[in-house]
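Structures follow.
Shared chain: chain A. Partners: chain B in the first complex, chain C in the second.
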Partner chain A sequence: MKIISIGILLLIHLAIGFLVAFLLIVAAIFLYLSYKKRLFRKRERLKKKIYLLIEKALFYEPPSLQKTENNAWMKIPFKFQALLKKKLPRAVLRTEILQVQKNISGASRDNLQKLYEQLGLKQDALKKLNRFRQWYIKAEGIQELSIMNQRDCLRSIYRYVNDKNEYIRMEAQSAAINFLGFHGLRFLNIISYPLSEWQQLKLLEQLSHKPVLGFKGITAWLQSPNDSVITFALKLVRVYRCFELHDTVAKCMEHSNVEVKKSCIITLTDIYTEDTAPLLIWHYATEDTDCRLATLHALCQIRDPETISFLTEQLQDENNDLKLAAAKAIMATAGSDGINVLNAYTEAQSHPWHEIIQQLKAEAAV
Partner chain B sequence: MKILVAEDDPIMLKTIQLRLRKDGHEVICVMDGNEAMKEIEVVLPDIIITDIMMPYSSGLEIVAFVKRNIPKKIPVIILSAMGQENVVVEAFGLGADDFVIKPFSPNELSVRVKRLELKTNN
Partner chain C sequence: MSWQSILIHLVSYGILVYSITIISSYIFIGIYSVGETMKYMHKNRFADYRLLAISSEAPSFSIIAPAYNEGLTIVDNVRSLLSVYYNELELIIINDGSKDDSMKKLITAYDLKKVPFFINQQIPTKNVLGIYKSRNPVFHRLVVVDKENGGKADALNAGLNVAKHDLVVCIDVDCILEQDALMKMAKPFLENPKVNMIGVGGVVRIANSCLIEKGRLVKVNLAKEFLPRVQTLEYIRAFLLGRMAWSRLNGLLLISGAFGAFNRKIAIACGGYNTRTVGEDMELIVRMRRYMEEKKVSYRISYIPDPLCWTEAPSDYKILGRQRNRWTRGTIETLMIHKGLFFNRRYHLLGLLSYPYWFFFEFMAPLIEFLGFITIIILAILGLLNWNYFITLLIFIISFGLLYSAFAILMEVITYNQYKRKRDILKLLLTALMEPFIFQPFVVWSAVKGNIDLLRKKHGWGEMTRKGFKL
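Moving on, here comes the complex of A and B:
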């Protein structure tokens, strides 16, 4: 009887405990949500106020002879001067200026840049870069200076292009391209950390909006000890069709990294000369399956009639992917005779050749 | 002139509105495609400026809607981000009259509106 009563008491205590904990959690969630809501509303109110200042700056035309106090570009109303001494309004203003800056150009963009400088936001961004240790604050500072086109900060930013933190160096590299265009690529000479695939694409996208001024140093990048720099240089060769670099690119076929070799094969396909197909065939025997497949795809695009005998030999490979790629390359190279070449192959009626030939016939019909 | 601006970014919308009001136009602002189509039917604007990427209905759908369902000839200016050249070509195919690539100068937009205004008046 005693044991049962203790059990019930314990249950009651536990139930009360859970109830209290539940209520505390609900109260905490409620308080947190109402705090967030209040903050959101405050931000919205601030946004409305601050936009009045942005609006004034966007279409501001300074009177030519009249100078404002402290030689400032635009006179900032007193209510804003006081407001912008506080942390939150300053943060809201910075966010809004950056947002507008991304979408506009011309005189309005220049005006916003001047407002950004006049309000000391540039100094704030430099502080983020120099005084904080957290990577996300540094990266944010670099990004901000880059969006606001603060070219005179390049020296401060450039020392981060090979930072150990991936995000900081990504932002610094992007800023270098933003400020200097193709000349900004000189960071490829010094970086020891890898350039991620994403960063490579981002840099290429940024470069696509810059005038092409040639690549000083691309030969050195193609021989870089950093494999990702070679891969990126190969992408540059491909995108900007640097035919004069064919022989330098061809040397990358001797590289030990498979990814570099694959990228090299793809690049050679885009800038091929009469030497490309023999070169790819020369390396074929020593390559792994991925590179062989890339080589067969390359030969499929190069369509050199001299390669037919080599491609026919590859039909005997044990790997079905290689067989199919070789057959496709024959179809592309031999044109209308492609099917005849394949049909003449001794095992044409056996599995998997019968199926491969049927598939290629169907593809040719389309 | 009565100009309808459809843009989902509130700051951009405000910036365009300001610039066009400075030029003396009446500006009707909407923030999504569906709202734009409803407003177009009601107010029959003289010019439409629309972003391509918008919630519910895109700028392309707005161009198609105007050219198909509105009897009045309303010129449409497309706002597009860089790298959306294919979409701009598609917009011209649907009947758009002009385009501006972001980032753009509000002054440039103002000039393009004036040009369309002259063209319409002639």
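Moving on, here comes the complex of A and C:
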């Protein structure tokens, strides 16, 4: 009975604890909702005020002889000076400047950059980079400096291109491209961490807005010990059609990583020469199914008539995906004669070749 | 001490120990999920999803949506799924031998014609009667597979056979997807170069009472009826707390059948969906994990907390009962099929934590709850019940349930805040108060019936009539 009494007492205490915690959470929910609502309204009011300052900066033309207080670029009205010493208005200003900066160009963009510097927001961003330990604050600082085109901060940012935190290094790598364009890719020489597919997409998108200046390190990247650097370099080769690198790319066919090989086959398809098809066929026998499939898709693009006998052989493969891909490649390579080539195949009337041929026939008709 | 007394002590302390263990696990899940959700929110600030819309290097998706007797809403459902924003996408609708006019309606609405199509039957399925594509180039993404009825798993397998892309999204045809849902689902597959991402789950939310126009969710409203509302709370708890914590541990055993993305090759390599269970969604995940463990390849299954998919929840007890009955049978069947995982060190976290957790706290919990209830009634009738102890234990369990629900609501408010009005939050809290007295006993009873039905070898899905959205 004594044990039961102790048990009951313990349960009562725990239940009271849970109920108190429940009430505290309920209070926290409603306080948070009110706070969020108040904050939203406050931000909206501040946005309206701050936008006046941004608007002024966007169209500002400094008088050539007149000097402003402390050699400042633009005179900031007193009401704003006082307001921008506070944390929230400063945060709202920063958000708005970053938002506007993404959507403008030319002189207005330079003006906004000057306003950003004059108000000390650049120092704030550098503080995020140097004084905080949380990865998302550091990454935010880098992103901000990159958007605001603070090129003189490149040295501070560049040391993070191989940071152990993926988000910090991703932002630092993006900033390097933003500041230096294709030259910024030199970080590929030193990174030891893999580039995620996501980051590769991001970098390619950023590069698409930069003038193409040639790839100085691409041969080295194609031989990098970091496999993700090789796949990224292969993407660069195919996006920018670097035909002169065909032979260097072809060497990647010897690579042990299947993903690299697959990417190599896809790249060779985009920069193919008369040597490409024989090279792919040479490697075919030793490849796994994925690479074989990629090879057949490549031959479908290359359309080399010399490959037809090889492709016809592949119709006998056990794997139906490979049969279908080979048949598609025959159709593409043999042109209007494709159906006749397929129909001439000894098994053309039996399953599954018959169905494959019917599908391709219908697709050709469309 | 008499034998009755020993028995009473055993039952009382057994229930207490079990309750404390399950509560401790929930406390861990609640706290552990916060880190994962917050990390995701921080990560999201750096993600520009437009990349996936413009890049030719972005991965391609095949959406697979099985439909059975959905003639009432099928045309609008397909239109809704076709409007999802993604560049490289095919939408495969599987008409699983519907007895109604679903196929006829699809043919007319989308100007479909039967096309010769070679199906690489990597997973055996019931006979496919035909593949249909639209003559109208506007609907070039649409593929309709007409097949003999074989159940949801069989229809999904047919979709896996027909799909041309490496990533597949399996979805209930009547779900409403957010416009950017696929872009958000694609990101985890691209993020980690060191591990194979084999599946990604997205959060499913309750769409009852929400405003839906032309197949798109226009306004989120909290469900007006009690049952959908209590399920809203249940889904918030399950997705924002449970799934996120398990995702962080990389121990997820379930991606909802209503909305999940998979690596097609792995799904096919391990045999596709199991047609002999009604819990095909959970069974596939367990099998995929098992396959990867046996191959000794590093892998991950992830969950993203964004509300991406909206579905109609059962609003009457009959349909809800059938659904929970089926979920219970699905869980037990999956646990039975993979019983070799139980505390098996060879399967690491899967064998040592995920499987035992599901066994003890998902499968056993309703049974223990039910047996406890029966025991209490018997003891009360025999005059042996210690009322003080019983009432205290009840208050202890209910108060924790309330706390856990309130914490889930707090997380929802801090993160996605779908229900912005204070009145709605208050309603959710009141629902949490009512849940242990109305909803929970019903769910427990349905689970018990699920166990009984399984013993009686009932394998059907049970009819799942939906009211349908006003699209």
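Basically, the second predicted complex is superposed on the first by the 338 of 366 C-alpha atoms of A that agree within 3 Å, B and C clash if a C-alpha of one lies under 4 Å from a C-alpha of the other, contacts with A are read in each partner's own complex, and residues count from 1 in each chain.
To be clear about the criterion, contacts are C-beta pairs under 8 Å (C-beta built on N, C-alpha and C of every residue); 3 or more make two chains touch, one makes a residue touch a chain.
Everything numeric here is computed off the predicted structure, so don't read it as measured data.
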item	value
Contacts of A:Tyr51 with chain B and chain C, given as first, second, both or neither	first
First, second, both or neither for A:Glu96, with chain B first and chain C second	first
Which superposed partner A:Ala365 touches (first chain B, second chain C, both, neither)	neither
Between chain B and chain C, more extensive residue contact with chain A	C
Which of chain B and chain C A:Ala285 touches, first, second, both or neither	neither
Where chain A meets both chain C and chain B, residue numbers	205
Chain A residues touching chain B - in the complex, by the definition given at the top	51, 54-55, 58-59, 96, 99-109, 205, 209
For the chain A and chain C complex, residues of the former touching the latter	4, 7-8, 11-12, 14-15, 18-19, 21-22, 25-26, 28-30, 32-33, 36, 135-136, 139-140, 143, 167, 170-171, 194-198, 200-202, 204-205, 228, 235, 320-321, 324, 352, 355-356, 358-359, 361-362
Chain C residues within the chain A interface of the complex	12-13, 16, 42-43, 45-46, 48, 51-52, 54-55, 57-58, 115-120, 122, 187, 189-194, 386, 388-389, 392-393, 395-396, 399-400, 402-403, 406-407, 409-410, 413-414, 417, 422, 425, 429
Sites on chain B touched by chain A in the complex	9, 11-12, 14-15, 18-19, 22, 82-83, 102-108
